[in-house]
Amino acid sequence: MERSWQRWLIRFAVFIVMAIICIPGLWIVMTAFRDNVEVMARPPVWIPERWTLDNFRAILGMSESQQGIPVARYFLNSVIISVTSTVLAVLIGMMGGYAFARYRFKGKNVAFLWLMLSRTVPGISLSLPVFMIWSRVGLIDTDFGVILVYLALNIPFTIWLIDGFFRQIPLSLSEAAQVDGCTRWQAFWKIEFPLAKSGIASAGIFAFLTSWNEFALASQLTRTTASKTLPVGLMDFTAQFTVDWTGMCAMAVIIIVPALILTFIVQKHLIAGLTFGGVKG
Amino acid sequence: MNFVRGIQAALFSCAALGALTAVASAEDAANWGSFPGYTLKVKLVGGTQYEKLYTRIPEWEKATGAKVEIVSSKNHFELDREIKQDIASGTITWCVGSNHTSFAPQYGDLYVDLKTLIPQATLDEFVPGTLAASMVDGRLVQLPRVTDVSNLYYLKDLYENADNKAKYKEKFGTELAPPTTYDELKQQVIFFASPPNLYGTAFAGKDEGMTGRFMEIVRANGGDMFDENWNPIFNSQAGIDALQWFIDIYNAKAVPAGTVNYTWDDIGQAFAAGTLAVDLDWPGFAAFYNDPAKSKVAGKVGFALSPLGTAGKRGGWSGSHSFSVTEACDNKEAAASLVNFLTDYDSAMMEARAGNLPTRTKAFTDVVEEFKKSDTPYMAEMFAVWGQSLADARTPPLVPQWIEVSNVIWPELQAAIVGQKTAKEALDTAAKKATQIMEDAGVLQ
Amino acid sequence: MRFFRSRLSPPILLLMPAFVIIALVVAVPLLFSLYTSFTGYRLVKPDSLWQWVGLRNYQRLLSDVDFWWAFGRTLVFLTVALNLELVLGLCIALLIDKLTAGQRVIRTIMMFPMMFSPILVGFQFKYIFNDNVGLVNNAIQSLGWSDVTIPWLVNPVTANLAILMAEVWMSTPIFAILLLAGLMAMPRDPIEAAKVDGCNPWQVFRHITLPYLMPFVYIAMAIRSLDVARAYDMVKIMTNGGPAGRTELLWTLIARTGYQDARMGMANAMSYASILLSVYFTVYFFRKLAAARRTMGGVA
């Protein structure tokens, strides 16, 4: 009896906490389905009285009063940039992580620390010099230019996480495989990689979320529909004097949904990956 | 005699005909030139409000055979940053750029003097004051597409309410009517305020919005930001009075306390929610306020000219969105042709119909007629009021250092408004910092 | 390929891509901005790049009161934010760990704030804390205190609190998910043993759970201190450092100086100060982490 009472108490507490976490986000989602007149109303309108898809219609260019926004194009750019940079960051992370976990070499600790410290530089101090270099070599407003920057953002973290994960796997396993005639390369793919899959997945989801939501650097390096990503596209809703908040929220929904789905899918790996990856190095 | 008269008549009609053809060719300046196969690279301000105009671009492409490639489309402030980056990296590879009168002085000789590229007859069709404000050091670096100046929006039912009228008369001895001076405005916003449901007004309390509104009242009070040698003089009595105006309505709780953190969108939302009695604001909000899907006060909004200061003048803080042609452009004729096209009469009418203030004199009268005919007297009235205020429109000082100076002024204004400093202290500090900026820049010796 | 393999050892080869990219995107640009911090570089005057001013920018910084206020405020802001996120994240993780059903859904919901771009968070919290038509004041008023209006973003205490809340909302999930991972990986035997020995739940938490979690805490701290600067987008939109500089953080100050005022040289000098700050935080947590790893290694 006491058990079930406790369980309900925990569920109730979880509910309250989740509500607090969700309300600011859900408010954005609800705003996406409102008329502007309800948004800042006094007295407040908590639950939309009329759910409307007008905001979505407007940004997709299906309303007459407003110029549409190339959402499909932004979406495509975002997918290309986030997916490519995530995959590459994970690959490079695997290479780096393997190097740190399996080899001894001079300056290893220093190299590791410098790698991590590269991540502490604020984007603002990088933005101008990166811009100047990129514009000289023609990387401005290309997907590749953005991907390269995101790689630099994500690599330190993926290396770190995957490094810890490889260390967790006993060296004897891969040695045994090599004794059985596998090359080191084969042993890696047959033994170490499958065991490290969770760690790699969780490194991946963090890298993906970072790239998917990044704004400050992307807004400097992209200029047109050729490479503008969804978060940069959010600024299309601001003019000199006005902010189309309902439109922005509709766009936000478009940004959030894929990220949410992906997070849900990799959820199982996430916990396992973080557990071994980070700590037990 | 008859013969002479005949000749005279003939000559006269010839002249008339000539004049007519001249008009016609100016009018169907539909001759936008011919640039087949040329690709014109342009950077245009983005955002739904400004992009409608760009739907006309294919028309120009068809007329000239050229192609327009939009190499950037971003919001106003980001475009400014991007152009600065381009200057920094020396990569001016584009021909036409969106510009703004407040930003233009910063860009040095990035842009050409359009007087050399656009016929004087065309320039004469612009509102003279707006065109004059587009000059930097005597060079016409931009051709304005829309202009902005602020006037009053007010809630009509508050002013028509019999109870309010009686109380106001009893208290101040005058009839309740939309204010004509800043003193009257102050008196009325304090009168109307009954927080938290209704405030007298709200003002932009940070960024250039704060500095701009302050400057507007300083000028209305007969002062200015700089003297002719670029010495900051906004800490004069006119300046102190202007700042005191903000402090007074803030302390009287006639404005939301959060107003020192508001920008235009917050104010617009607050007025649309019906929580402000009066709003000194930009023309772009008119259509928004009257749209029932967006605003609670639709149908209840009245217009009045912006108030006069103690010097009996209007401050008329204004700015224009514009287009410029770069010096680095390899085909300035094509670039000028596009700029000309995007600011021609049809473009001006398109902007006006969307609720923006056009820059061509003729478009003003025509759009008022059009709105009257199409049974939208609200917009017709808006254009009538705003048209009157254009004569007093003035830009901020057109020096490259303006934005930087503005950034030292507004935090000090905020400090005075929230009671951290007195008006004089705050303005003296700001003036000192501004002096340093002007000295560093070598403008002030 | 064989040639390279013979000349370079495998770890160098494996690490090459990572270091090339970091050098390209971080190191080279950083050297450039280090150089400009010794010049009077103004963005709109390319020639000024060669105007060497020595230590002038740094000298001015030393005597710039506003800068040091922003520096101090950033330091306090980071300390408070990171600790608060840690405590809240720990509570959430402990709670979810107790949950027996629906964990996958709840964990996804818990990560909900991580899906929002910082600029969205900025706008959202600006509107939530709007004193006139904002959500919080509306809620307070409809609860019956009808004439209370709190100027959240104006009062020096509440303004910083509001920014702090936005930051905490945005980043607590990172702590929660990492700590939850730690909790779930924790062996259950020691806890059972302690219970048998008569420890109360608090003692179990204090002497068994918490020590086990410490490495996870440092990891979370290190990860977060790596990208605190992304709070910039949010603060910029919420208050832009105002009113009267009450919420000015280093990042808003740097961006305004560099881009709006176009004084890039000065802005880069400020950046270096801010980089030192984040390097300090990161190195500190890495050391703690390394120490914790050593003790963990002893246990495991």
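Which chain is which? They are A, B and C, in the order written, and residues in each are numbered from 1.
The rule we apply is simple: contacts are C-beta pairs under 8 Å (C-beta built on N, C-alpha and C of every residue); 3 or more make two chains touch, one makes a residue touch a chain.
Note that the structure is a prediction, hence the values are computed from the model and not measured.
Asks: Linking chains that touch, what shape results: line, ring, star, complete or other?
Replies: complete
Asks: Sort the other chains by how far their Cα centres are from that of chain C and give me the top one.
Replies: Farthest from chain C by mean C-alpha position: B.
Asks: Please compute the C-alpha centroid of chain A, do the same for chain B, then give the distance between them in whole Å.
Replies: 40
Asks: Taking the mean of the C-alpha atoms as each chain's centre, how many Å separate chain A from chain C?
Replies: 16
Asks: Where in chain A do residues touch two or more of the other chains?
Replies: Within chain A, residues 39-42, 128, 132, 235, 243, 245 contact more than one other chain.
Asks: Find every residue in chain C that makes contact with two or more other chains and list them.
Replies: If we look for residues of chain C contacting two or more partner chains, we find 43, 130, 132-133, 264.
Asks: Mind pulling the chain B residues that touch 2 or more other chains?
Replies: 81, 85, 88, 269-270, 273, 275
Asks: What residues on chain C touch chain B, complex-wise?
Replies: Contact set of chain C toward chain B: 43-46, 126, 129-133, 137, 141, 146-149, 151-154, 159, 238-245, 256, 259-264.
Asks: Spell out the residues on chain B that touch chain C in their complex, using ranges where they run on.
Replies: 81, 84-85, 87-88, 90, 106-108, 195-196, 199, 202, 205-207, 256-258, 260-261, 266, 269-270, 273, 275, 400, 403-404, 407, 410-412, 414-415, 417-418, 420
Asks: Taking the complex as given, what residues does chain A use to touch chain B?
Replies: So the residues of chain A touching chain B come out as 35-37, 39-42, 54, 66-67, 69, 128, 131-132, 135-136, 140-141, 219-220, 223-225, 235-245, 247.
Asks: Inside the complex, what are the residues of chain C that reach chain A?
Replies: Those residues of chain C that touch chain A are 9-12, 14-15, 17-19, 21-22, 24-30, 32-33, 43, 91-92, 95-96, 98-100, 104-121, 123-125, 127-128, 130, 132-133, 135, 138-139, 142, 169, 172-173, 177-178, 180-182, 184-185, 215-216, 219, 222-223, 225-227, 229-230, 232-233, 251, 254-255, 258, 264, 267-268, 271-272, 274-275, 278-279, 281-283, 286, 293, 296-297, 300.
Asks: Spell out the part of chain A that touches chain C in their complex, as residue ranges.
Replies: 7, 10-11, 13-14, 17-18, 21-22, 24-25, 27-28, 39-44, 92-93, 95-96, 98-100, 103, 105, 108, 111, 113, 115-126, 128-130, 132-133, 148-149, 151-152, 155-157, 159, 209-210, 213-216, 231, 234-235, 243, 245, 248, 252, 255-256, 259-260, 263-264, 267-268, 270-276, 278-281
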